[in-house]
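The same subunit A turns up in both complexes below, where it pairs with subunit B and then with subunit C.
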Partner chain A sequence: MPAAVEITNLSYTYSKKTPYEKKALEGICFSVEKGEFFGIVGSTGSGKSTLISHLNGLLKKQQGSVKINGLEVEKKNLKAVRSMVGMVFQYPECQLFEETVYKDVAFGPKNLRLQKDEIDLRVKEALNLVGLDFDKYAERSPFELSGGEKRRAAIAGVLAMRPEILVLDEVAAGLDPEGKKDILALVKRLQKTMCPTVIFISHNMDDVASLCDRVAVLNDGRLLTVGEPRAVFSDAKAIIEAGLELPTATLIQKKLENKGINFSKTAIKIEELAQMLLERRANSVS
Partner chain B sequence: MPIIELKNVSYTYDDADSPNKFALEKINLKVEEGEFVALLGANGSGKSTLAKLLNGLYTPYSGNVIVNGVDTLDEERIFEVRKCAGMVFQNPDNQMVATIVEDDVAFGPENLGVPREEIVERVNFALDAVGMGEFKKNSAHRLSGGQKQRVAIAGVLAMRPKIIIFDEATSMLDPKGRKEVLSVAKKLNKEGITIIHITHNMDEVAFAVRAVCLKEGRIVFDGAPRELFSRPQTLIECKLSPPPVSELARLLKAGGMNIDAGVLDEEEVTEAICRLL
Partner chain C sequence: MFRDITLGQYYPANSAVHRLDPRTKILLTIFYIVGVFFIKTYFSYAVTILFLTSVILISKIPVLSVLKSIRGILFLVLFASVLNLFFVSSGEVLFESWITPRWVFRITMDGVHYSIKLTLRLILLVTGASLLTFTTTPVELTDGMESLMSPLKLIKVPVHDIAVIMSIALRFIPTLLDETNKIMNAQKARGASFDTGGIVKRAKALLPILIPLFVSSFRRADELAFAMNARCYNATDKRTKMKELKFSLKDLIALILVLAFLTVVFLDRYYFMGIDSLLFPGVLRCAIL
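Right, the complex of A and B next:
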C-alpha cells in the first residue's frame, strides 16, 4: 500500500532569479503513513507553509516529487489530490464568506457538482462532526458566531469534501483554553471517523508531544529530523538550535539534570514527569 | 491616587433602554501607577470590553472610569485619556497605517500636532525602546509578527502614555514573537509605565505582579499570580487552564510530595523539586 504522503527530494525557491530570491525548501524527504497523526514543527520562516502548500498543489512543484496515496501531485491529478487532502489554514474563520453557514459548508460539494440531496447530506454530516447542530446553525450567518464556533464552521467546510488526509495549520491558535480543548478533541474524533491521516502543524510543543505519533522538524528549509516525539525531543540541543522550544516536561527535566538529578528516559508529558519523580521519591524513601 | 479607577462600572452591548445582558457588571477596580496587571478570562468574560473602557473607546452604561484623574465620560477631555492610555491590539497586520516603519510610529504624534523635530526625537526614542531602531526605514509589511507588534508598541510609546493596554496582543504570535513582546512590556514597566496585559495564556501570567480574573462580566479573583495558580478551582471556574508547571506541582502534591502549588515557572518548580529529592 502506498504511503498517504510521500515526499522525495522536494526543493522550492521563491522569486527565482530576482533580487528577492529565497530558498524555502531544500531536499526534503519523508513519508506519512496512513493512520498517522503526524506533526510538522519549525520556527517561523522554516518552510512549513511552503511544504504543506505542495500537498494539494497550491504551489507548483519546482523540483522533487510529492505523492498522495501513490498519486503524483501534478496538473492532471489535481482534482483527485484535492479531494483527498483537506487543508485547514491558520485562522480558517477568515475564509468564511457566505451568507449562511449552510452555503459556506456547501461551497465545496457544490463545486464538485454533486446532487442537491448529496450536498444536503454532506453539510449535515460535516456540521454534525464539528458539533454544530444543523437546525440551530445552518441558516445563521457565519459572521454572527463566536470565535470557536466560526472556526468549527470553517473546518466543516473542509470536511464536506470528505478528505482522507487532514492538514491543520495552527488549528488551536488564538483560542481560549476551553476552545482549544474542544478543537483538539474534535481533531482526535475526526481521525477516528473521517480522516485517518492527520498532519498537524503547531508551535506548541506540549500539544505536539501529547498528540503526535511522529514529528518532522524543519529548520531553514531543511528537514532536521523526523521520528517519534520522545526521540526527537531527546536531542534538546538540536531542537533549541532550530529555534524551537522543548515541551514543558522535557524542559524541566533538563533543568533537573543540570542540577545533577538524572533520568533514564526523556519525559515529554507532564504526567510522565510527575510519575517518574514520584517513583524516584518512593524508591529513595524505602 | 490610583492611575485607573473603575467605580461600579457596568456595560452592555444591548439596547441601552432595555438591557437584559451585561458584558460587565458592577466592576470596582483600582490600579496604581507602575503596576503590571494581567487581566484574565475566557472568551466572552468581558476582558476586552474592560480594556476598551480604559481608554474611552467605550463609555460605561453606569458607573465611572477615571483614568489619570479624568473621567472618560468627559467628552472634552477624552483626548487626554487616549494620550495617557495607549492600546496594542491582537492582530499585527491590522495596526499598520503607513508603509515605512518610522512613518507608522510618527502617525500618532503627527495627529497631536507635535512639532517636526520633536516627532523625530519621539520616533527614534520609541523605536529604540522596543529594539526596532535599526528597522526604521524598513517596509512595515515585511516584518515578522513579533516585530510588527513591537512597532505597534512604539506607535503607542510615541504618544508618551502612562499606561499601555495589551489587548491579547500576543495571541497571534509564535513563541519567539510572544517573548519579544513580553520582554518589551516588562522593560517599559520597569521604566514606570503601567501595563495591563489581557490574555488567556497562563504562561504569560507569571510576568505580572497582579492577576485579575473575570468570569461572566464580574471579577472573581484579584491577587498575586502565585496565589491564583495555587487555586486550580478558581481557574477551572473561569474556564482557564492552569499552566503546565502548576499542573506538575499539583500532581506531585497529590502524590504526597510537599510542594508549593503556587510555583510560577520552570525555574521555581525545578528548585522546589531539587529540595524534595
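Right, the complex of A and C next:
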C-alpha cells in the first residue's frame, strides 16, 4: 500500500536566476503513512509553507517528486490530488466570501461538480463535524460570525470536500485559549472520524508533542530530523539551533537536570513529567 | 509567484540619474515628452535616440531591461503603424489596388514615413517615461509630486493628503499582492480554477478572491487609521520631513542638458530640416507630420 504522502529529494528555489534568488527547500525526503498524525515544525522562513504548497500542487515542482497515495502531483493529476488533500491555511477565515455559511461551505463540493442533494449532505456533515449547528448557522452571513466560529466555518469548507489527508497550517493561531482548546479537540476528533491522516504545522511545541505521532523538523530549507516527538525533542541542542523551543515539560526537565536531578527518559508532556516526579519521590521515600 | 514582482520597476543602482532630485526628474521627463511630440525629422529622431541611450547608459540600468518596458505597448505600436500605413494616402504611390470601384487599397511613401515615425515616437515616449520609474523609488516620486503640486495649496487643494494617500496606496501594493496570493491558494485548494472557461466564467471565478480581498483591505484601512490616530497624526503645514528635497548642481546640469536637447529638436523642426530634405526629397510636404 502506498504511503499517504511520499516526498523524495524535493528542492525549490524562488525567483530563480534573478538577484533575488532564494533557496527555500533543498533535498527534502520523507513520507507520511496512512493514519498518521504528522507534525512539521520549523522557524519562520524555514520552508514549511513552501513544502505544504507542494502537497496539492499550488507550487509547480522544480525538482524531486511528491506522491499522494501513490499518485504523482503534476498537472494532469491536479484535480484528483486536490480532492484528496484538504488544506487549511493560516487564518483560514480569510477565504470566506459567500453570502451565507451554507454557500461558502458548498463552494468546494460545487467545484467537484456534485449533485445538489450530495452537496446538501456534505455541508450538513461538515458543519456538524466542526460543531456549528446547521439550522442556526447555515443561513447566516459568514462575516457576522465570531472569530472562532469563522474559523470553524472555513474549516468546514475544506472538510466538505471529504479529503483523505488534512493539512493544517497553524490552525490554532490567534485564537483565545478556550477557542484554541476547542479547535485542537476538533482536529483530534476529525482524525478519528473522517480523515485519518493529518499533517499538522505549528509553532507551539506543546501541541506538537501531545498530538503528533511523528515530527519533521525543518531548518533553512533542509530536513533536520524526522521521528517520534520524544526522540526529536530529546536532542535539545538541535531543536534550539533550528530556532525552535522545547515543549514546556522538556524545558523544566532540562532545568532540573542542571540542578543534578536525573531522569531515565525525556518527558514531552506535562502529565508525564508530573508522573515521573511522583515516581521519583515514591522511590526515594521507600 | 507574486513575490517575483517588484513594485513599479525601480532598479536599484548608484548612478547620477538615480541621485537627481525627483522633482527634477519629473519635470525633465515632462519636458522630454513634450520634446518628442515636436520631433519632425529623422535627424531629430536620431538625436533623441542618442540622447536617450546616453541617459540609459549613465543610469547604469541594463539596456535590455529598459527595452523590455516596450513589450507592453508592442501590440499598440504595431496596430497603430499598420493602420496608418493604409490610411495615409498622400504622396508618391508605392502600391495600389482597387478592391471595389469606390474602395482603394493604397500604400504611399508618406504613409511609410508616417508609420516609421509613429513607431519611433511611441517607443521613445515609453522608454523615456519608464526611465523615470526605473531610477526613482515610488516614495521619492510621491515626495516629488507633492512638492511640485504645492502651489495648488493656494486654491485649497489638499496636496499633502493626496500625497499621503498615494504613498499609503503604494506601500500596500505588495501586502495586497501577498494577500491575493494567499486567498487564491486557499480557493484553489477548494477546487476553484481561474484559468479555464469563457470570459464570463472567468470573471465569476474572480469573486471568491475579490470579496475576501475587499473585506481585508477595509479592515486594514480601518486599523491603519486607528494606528495613525493613536500616534497623533495630523496633516498640518508644520509637519517636517525626514528627507528634505534639495536642488543641487547636478540638477542644474541635467536641466541644461535637457534644454539643449529641446533646443536641437525645436531648431530642427522650424529652421533646419536640411538632412532629411536631402535624404527624402518630398517627404516634408506631408502635412500631418
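Following the convention adopted for this analysis, the second predicted complex is superposed on the first by the 286 of 286 C-alpha atoms of A that agree within 3 Å, B and C clash if a C-alpha of one lies under 4 Å from a C-alpha of the other, contacts with A are read in each partner's own complex, and residues count from 1 in each chain.
Operating definition for what follows: a residue touches a chain if its C-beta (ideal position, glycine included) is under 8 Å from a C-beta of that chain, and two chains touch if they have at least 3 such contacts.
Computed from a predicted model, the values in this text were never measured in an experiment.
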Quick check for you: in the superposed arrangement, does A:115 touch first (subunit B), second (subunit C), both or neither?
neither
With both complexes overlaid on chain A, does A:264 touch subunit B (first), subunit C (second), both or neither?
neither
Contacts for A:173 in the overlay, against subunit B (first) and subunit C (second): which applies, first, second, both or neither?
first
Contacts for A:158 in the overlay, against subunit B (first) and subunit C (second): which applies, first, second, both or neither?
second
Would you check which partner chain A:252 touches, where first means subunit B only, second means subunit C only, and both and neither mean what they say?
first
Based on the superposed arrangement, let me know which partner A:56 touches: subunit B (first), subunit C (second), both, or neither?
second
Which partner, subunit B or subunit C, touches the larger number of subunit A residues?
B
Going by the contact rule set out at the top, does A:86 touch subunit B (first), subunit C (second), both, or neither?
second
Counting only contacts in the complex, subunit B reaches subunit A at residues 42-44, 90, 144-145, 168, 171-172, 174-177, 200, 202, 239-241, 244-245, 247-248, 251-252, 255-257, 266-267, 269-270, 273-274, 276-277
Partner subunit C, residues of subunit A touching it in the complex:
14-15, 18, 20, 53, 56, 58, 79, 82-83, 85-87, 89, 92, 94-97, 107-108, 111-112, 143, 157-158, 161
Please give the residue numbers of subunit C that touch subunit A in the complex, ascending.
3-4, 179, 182-183, 185-193, 207-209, 211-212, 215-216
Looking at the complex, which residues from subunit A come into contact with subunit B?
43-45, 91, 146-148, 173-179, 181, 203, 206, 243-245, 248-249, 251-252, 255-256, 259, 261, 270-271, 273-274, 277-278, 280-281, 284
